[in-house]
Amino acid sequence: MDNLFSEGLTLMVFGMGFVFVFLTLLVFITSIMSRLIGRYLPEPAPKVVKARPQAAGVQTGNNDELIAVLTAAVHKYRSK
Amino acid sequence: MDNLFSEGLTLMVFGMGFVFVFLTLLVFITSIMSRLIGRYLPEPAPKVVKARPQAAGVQTGNNDELIAVLTAAVHKYRSK
Amino acid sequence: MDNLFSEGLTLMVFGMGFVFVFLTLLVFITSIMSRLIGRYLPEPAPKVVKARPQAAGVQTGNNDELIAVLTAAVHKYRSK
Amino acid sequence: MDNLIELWQASGIYNISVGQLTMIVIGLVLLYLAIRKNFEPLLLVPIGFGGILANIPEAGMAFSAVENAIHFAKPHVLSELASVLGVAGNDPHAITEAYHSSNASVHAAASLVAQDAGYSNGMLYNFYSIAIASGAAPLLIFMGVGAMTDFGPLLANPRTLFLGAAAQFGIFATVLGAVALSAFGIMDFSIQDAAAIGIIGGADGPTAIYVASMLSPHLLGAIAVAAYSYMALVPMIQPPIMRALTTEAERKISMSQLRHVSKTEKILFPILLLILVALLLPDAAPLLGMFCFGNLMRECGVVDRLSDTAQNALINIVTIFLGLSVGSKLSADKFLDMQTLGILVLGIVAFGIGTAAGVLMAKLMNKLQGGNAINPLIGSAGVSAVPMAARVSNKLGLEANPQNFLLMHAMGPNVAGVIGSAVAAGVMIKFVG
Amino acid sequence: MDNLIELWQASGIYNISVGQLTMIVIGLVLLYLAIRKNFEPLLLVPIGFGGILANIPEAGMAFSAVENAIHFAKPHVLSELASVLGVAGNDPHAITEAYHSSNASVHAAASLVAQDAGYSNGMLYNFYSIAIASGAAPLLIFMGVGAMTDFGPLLANPRTLFLGAAAQFGIFATVLGAVALSAFGIMDFSIQDAAAIGIIGGADGPTAIYVASMLSPHLLGAIAVAAYSYMALVPMIQPPIMRALTTEAERKISMSQLRHVSKTEKILFPILLLILVALLLPDAAPLLGMFCFGNLMRECGVVDRLSDTAQNALINIVTIFLGLSVGSKLSADKFLDMQTLGILVLGIVAFGIGTAAGVLMAKLMNKLQGGNAINPLIGSAGVSAVPMAARVSNKLGLEANPQNFLLMHAMGPNVAGVIGSAVAAGVMIKFVG
Amino acid sequence: MDNLIELWQASGIYNISVGQLTMIVIGLVLLYLAIRKNFEPLLLVPIGFGGILANIPEAGMAFSAVENAIHFAKPHVLSELASVLGVAGNDPHAITEAYHSSNASVHAAASLVAQDAGYSNGMLYNFYSIAIASGAAPLLIFMGVGAMTDFGPLLANPRTLFLGAAAQFGIFATVLGAVALSAFGIMDFSIQDAAAIGIIGGADGPTAIYVASMLSPHLLGAIAVAAYSYMALVPMIQPPIMRALTTEAERKISMSQLRHVSKTEKILFPILLLILVALLLPDAAPLLGMFCFGNLMRECGVVDRLSDTAQNALINIVTIFLGLSVGSKLSADKFLDMQTLGILVLGIVAFGIGTAAGVLMAKLMNKLQGGNAINPLIGSAGVSAVPMAARVSNKLGLEANPQNFLLMHAMGPNVAGVIGSAVAAGVMIKFVG
């Protein structure tokens, strides 16, 4: 009984410790990476975003928007 | 020989019998279910059908309709 | 050593030979097939190409075209 | 020069047997029917092509590693196989026979011997093992079919289930026919064979393949080919029978419009069907369970991405493997047999009887109810062959009465026929499996 | 007549046990929750349905060939199995026990005996072996999730990773709770069981299934059901805890807009994460490796067709099989047990503690930095449950301050929580695996 | 404290070898080439990533259960393995060697021992077994490629098949080069190795992987990497050779427009090709059979949903698994070897010779026919590398004559090259397999 409990405690201490160490390192590495990229590989001036080929689901969204614009235009025309 | 034939006969009698019993039960259960639903869970008044997310194939269908409308509108406009 | 080299040489001679024999036969058979079809199964007069059902990616293309036409039309209307 | 001879002696021309040549021609005919005549092309293109691949001499694509080892017959491999399989001597035929009748552990041991000798399973053999022998492919196709099926027309008029039941008479009459042929010594079908042949009358591809793979794998190729071919021939098989059994007046009966079926009914139906199967016929649970699962995914409205995948990517992938696997069973020694002729004859009889039984049931129901609620033309749709049979009903209805659209009415018995033949399949697996 | 009795004695009604009936009802309840209450339907619909299929009496869909052979208990099969398994006598229970504790080669031998006797693995058993026992399905789902994950918000504010770390306290506190229950004799969990239960607090389905399949397969069904149910309940579990631990003023904190994150950063992040995993915790490499692979496919911009497939066809197919496979573990003897009750209680505790730890960590970070940079409401998103938990943060933020959109800020800790629980999983596999 | 040491001693940093580190760097380089330089990213992203995963120390993702058991080297497991494998003593190296040279049944027995000891196959090892060792993945990719291939340009001008034949000289010259290197003691390639290396010159990924997996699995990683890298480098490798072997006047030759090819021709071509393969070279039947099947599905017009799936969902899924599986073969002991250097050198020679042979063949054909029907620039497209090589032909053509579009003309030899190298593959499997 005691043994199982102490195993659990160990697991908790090491587990949480490791999770924190790991993610802390990730914070450092990520920050350094971002800083280096910001300095040495800055992104070119934001060009117009070119839609890359998307999955079916996303297409609908794009179409919806366009279709909304068109519908509005047509509606305006009709209601003349 | 006779044995095989009687096996086949048995299979036929039991098979057809079972199929009928099964589907008859299904008729009863389905009818009861439909009646219960009609009484206790009637569908709300038919609202405008909201298109649920569809597979690529079906999208075309939807688009076709919309596009047909739009084309007609545009055509009307052009032919003015 | 010699043995391995002669194995390689054999493989080359037979390999290239076989590739040529095979593709030569394919040239003959294909040509005959094409001639026979041209004579006995000529294609009917070119009808309007009917788009066959396409994968999602291609649809976008089709829509793009249509949408471009529509946008142009709408634009023309607006700029009136 | 030796190499040239070796190449020549390993070539297809040198090795091809009459049987293989014939089977390749049959494969080409299936492709022709599929491509030019539109005979269920989704299945018959892969089946036909698989049949050709399986009969390429020396390629051994439909053979297991052991069969390939036996075919190439190196003496030391043969003698090792013979010792594992408990055969005296090196006779390839005896070894083959022992291999096919060996139990699972000897089978596995023989496989290891063949692999050690450098032989491997042909690709089609692998596909068959994974797709069909495991039972997975027909069940996954059934799931996809379930996801494509709309039970609305059936729920609007549940009595059409009786039509779907009646049409299964084709199945059992054919079983009887098959055992009769055996009883009279014309053919040599076991009761398992007879049951697997009968299921052709169910007019449902995956069900036929599933049952045949369980009851009579050696007839699988012929049964699958017959099932899909006759499904394609429904527009030619059914109309004369339907016309013969109905009067002009009956064909003119117009049916009242189907009521609206609520979403909740459609969601509950596959669940109720599943529970009924669970309580009455567990042997039909795999088939109907996957079918109901597909249908529930379709109707429940909250897992559309799974339903779409089941109806598209997944069913297409499985269809490719299923078709090639069925094709791998089109070997000369099994297909070029009087049994295949018997299967083809019995199969068309099954379709005919099923059609007739459906139509007569519809007439009987009208008589019993003392009205004209049902146009008997929709009875024939009970054989399944979705949606071909329903279209045939519609077409004949329009011929008699140009205002009479029977399509939706016929969809009820049509999908009922799918359920009916799956139940019949369960009964046969239970009794003779 | 004999046949009629046989059919009746093979029917579900005749054979159904109270346990099976209860499990079928539980399956129906899961379907109800999934369909009507929108409880993670993509998983709970297949799990619920699989649970029903697994409990159909006599169908044996979730059983191996050996278990099916034992169930039908033909004397000569039993005695053969007994001899292979080294059991004296023909007692089915003793044989079953010996089978489950047998080593791999005896297991394989028993399988061959059962196959020879004509029994085969149930379809769900096959699905489970291929999808879960191999570990493949959770990893492929993780790949798909990686391909769907945008690390932009996390990269814009990497300190939110601490929130994702803190929320994993729920996992380990629950492990302690589980061993405490065992220590006090209330339950009987091994340390492996405890670890597998704790991972529920990771609020990440595939991670939970992966860990449970490795550490505690007999609890897999209950753990998966608990994990997905509580993920669905996040909008009810978290808000009271979040409100109790924060003041109105804290909830009103508005956070500065996230900076733009460049494409290069997004491409490098999964690679850096992978390298860190490789250097520090190889046991987390399968999970996080596949996750990073999916994310790299998404971000690199040159394999969009692979990324699209990973996010759609492939993940959908795997989800169907994973769900049915998990369902196959919903058997009465394993699920209808006090342990399940313990798992359900511990699971919700885990969610609660994780939520609290995330919120408190956010407050601590504010205190340490002496500013108000972080709205503590986004701390709760560290449990994962992507994107539900982030939406909850957003909702509570809007309640306190209608101009305060926290959604993007909460996505940082939200995806950090996925990484955090995968790391925790690696530690547990390392120490108790 | 013990736990901390244990965690440290199990970490990647503690265990990583120079070889693994190097291979991880190579994996990163492959990712860089794929993502930034657009080197065949669909394959090189998964291959590079798989290479990194395979070299994560202690994770054992590319190892079989037995290899993992040997790696962790628990004494009682080692001694059990040693006894099964017939090795005296517990030396891990001796056991590993015995394992790799054991026959199939001993192999299987060792696997069971390792599983009993709690070890399991790494995920990449499983992927490799299913995708590549079985031969399935390259064949399915070939099916998809077939479904993407338009034989129209080839049918319009079938003599371009000769160009596709000539370019295969690169393959066989390289085989000779490889055996020469061995004959002079510079390298140590067997004839099987030489054949597998030669196939790089086929400039066709799946063919190279298929042949390498059959003839020389230990070189698979290097061969696949070389094949895909050089295919990406085609625009740099080919132009200087093409310019050196042609005059300005030749490059200016404009070719007459291709005639229209009818649907029927396109449908019959894959069938004729299949029959020719069946009759002449059964060893090429799996590769070319699946290729023709894909092409028939594309052209027949009645199974578009299968064709679409073969070109999209299925080929994408298989590509992911194939790439990761190839990556699993990028282990230090096999890749960091002089042989790899030899493979890289021989591979580029193969491409060069193939290119030259194609161009010279075109010139020869012009001479024999006494006309100027063929622009020799399209000869280089005969190596395959579809459609890159055809684009290179087009580009050089436009340089010489801005009105001269060679793209469609070059597509003929381009797809002929695919057929040609599949035939070459069949010959090599026949003679040295």
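Labels A, B, C, D, E and F are assigned to the chains in the order they are written; within every chain, residues are numbered from 1.
By definition in this document, contacts are C-beta pairs under 8 Å (C-beta built on N, C-alpha and C of every residue); 3 or more make two chains touch, one makes a residue touch a chain.
Keep in mind the model is a prediction, meaning the values are calculated, not measured.
Peer 1: By residue number, over half of the contact pairs should agree; on that basis which option among C-F, A-F or C-D is the same interface as B-D?
Peer 2: The chain pair with the recurring interface is C-F.
Peer 1: Looking at where subunit D touches subunit E, is over half of the residue numbers used by both copies, so same, or under half, so different?
Peer 2: Here the answer is different, because the shared fraction of interface numbers falls below one half.
Peer 1: Report the chain whose mean Cα position is at the greatest distance from that of subunit D.
Peer 2: In terms of C-alpha centroids, the chain at the greatest distance from subunit D is A.
Peer 1: Please identify the chain with the largest separation between its CA centroid and the CA centroid of subunit C.
Peer 2: E
Peer 1: Could you see whether B-D or A-F has the larger number of C-beta contact pairs?
Peer 2: Higher contact count goes to B-D.
Peer 1: Just curious, how far off is subunit E from subunit C if you go by their C-alpha centres, in Å?
Peer 2: 47
Peer 1: Averaging over Cα atoms per chain, report the distance between subunit D and subunit E in Å.
Peer 2: Centres of subunit D and subunit E (C-alpha means) sit 38 Å apart.
Peer 1: Cα centroid separation between subunit A and subunit E, in whole Å?
Peer 2: About 22 Å, centre to centre.
Peer 1: Mind pulling the residue numbers of subunit B that touch at least two other chains?
Peer 2: If we look for residues of subunit B contacting two or more partner chains, we find 10, 14, 18, 53, 55-57, 59, 63, 70, 74, 77.
Peer 1: Check each residue of subunit D and list the ones that touch at least two other chains.
Peer 2: As it turns out, subunit D has residues touching two or more other chains at 3, 7, 280-281, 301, 305, 308, 312-313, 427, 431.
Peer 1: Taking the complex as given, what residues does subunit E use to touch subunit D?
Peer 2: 3, 7, 10-13, 15-16, 24, 28, 31, 34-35, 38, 41-42, 45-46, 49, 52-53, 56-59, 61, 109, 111-113, 115-116, 120, 122-123, 126, 312-313, 316-317, 319-320, 324
Peer 1: Which positions of subunit C touch subunit D when the two form their complex?
Peer 2: So the residues of subunit C touching subunit D come out as 10, 14, 18.
Peer 1: Mind pulling up the subunit D residues that touch subunit C in the complex?
Peer 2: 3-4, 7
Peer 1: Mind listing the subunit F positions that touch subunit D in their complex?
Peer 2: 103-105, 108, 134-136, 139, 267, 271, 274-275, 277-283, 285-286, 289-290, 292-293, 296-297, 300-303, 305-306, 308-310, 313-314, 427, 430-431
Peer 1: Which residues of subunit A touch subunit E in the complex?
Peer 2: That would be residues 1-2, 4-5, 7-12, 14-16, 18-27, 29-31, 33-34, 37-38, 41-43, 52-57 of subunit A.
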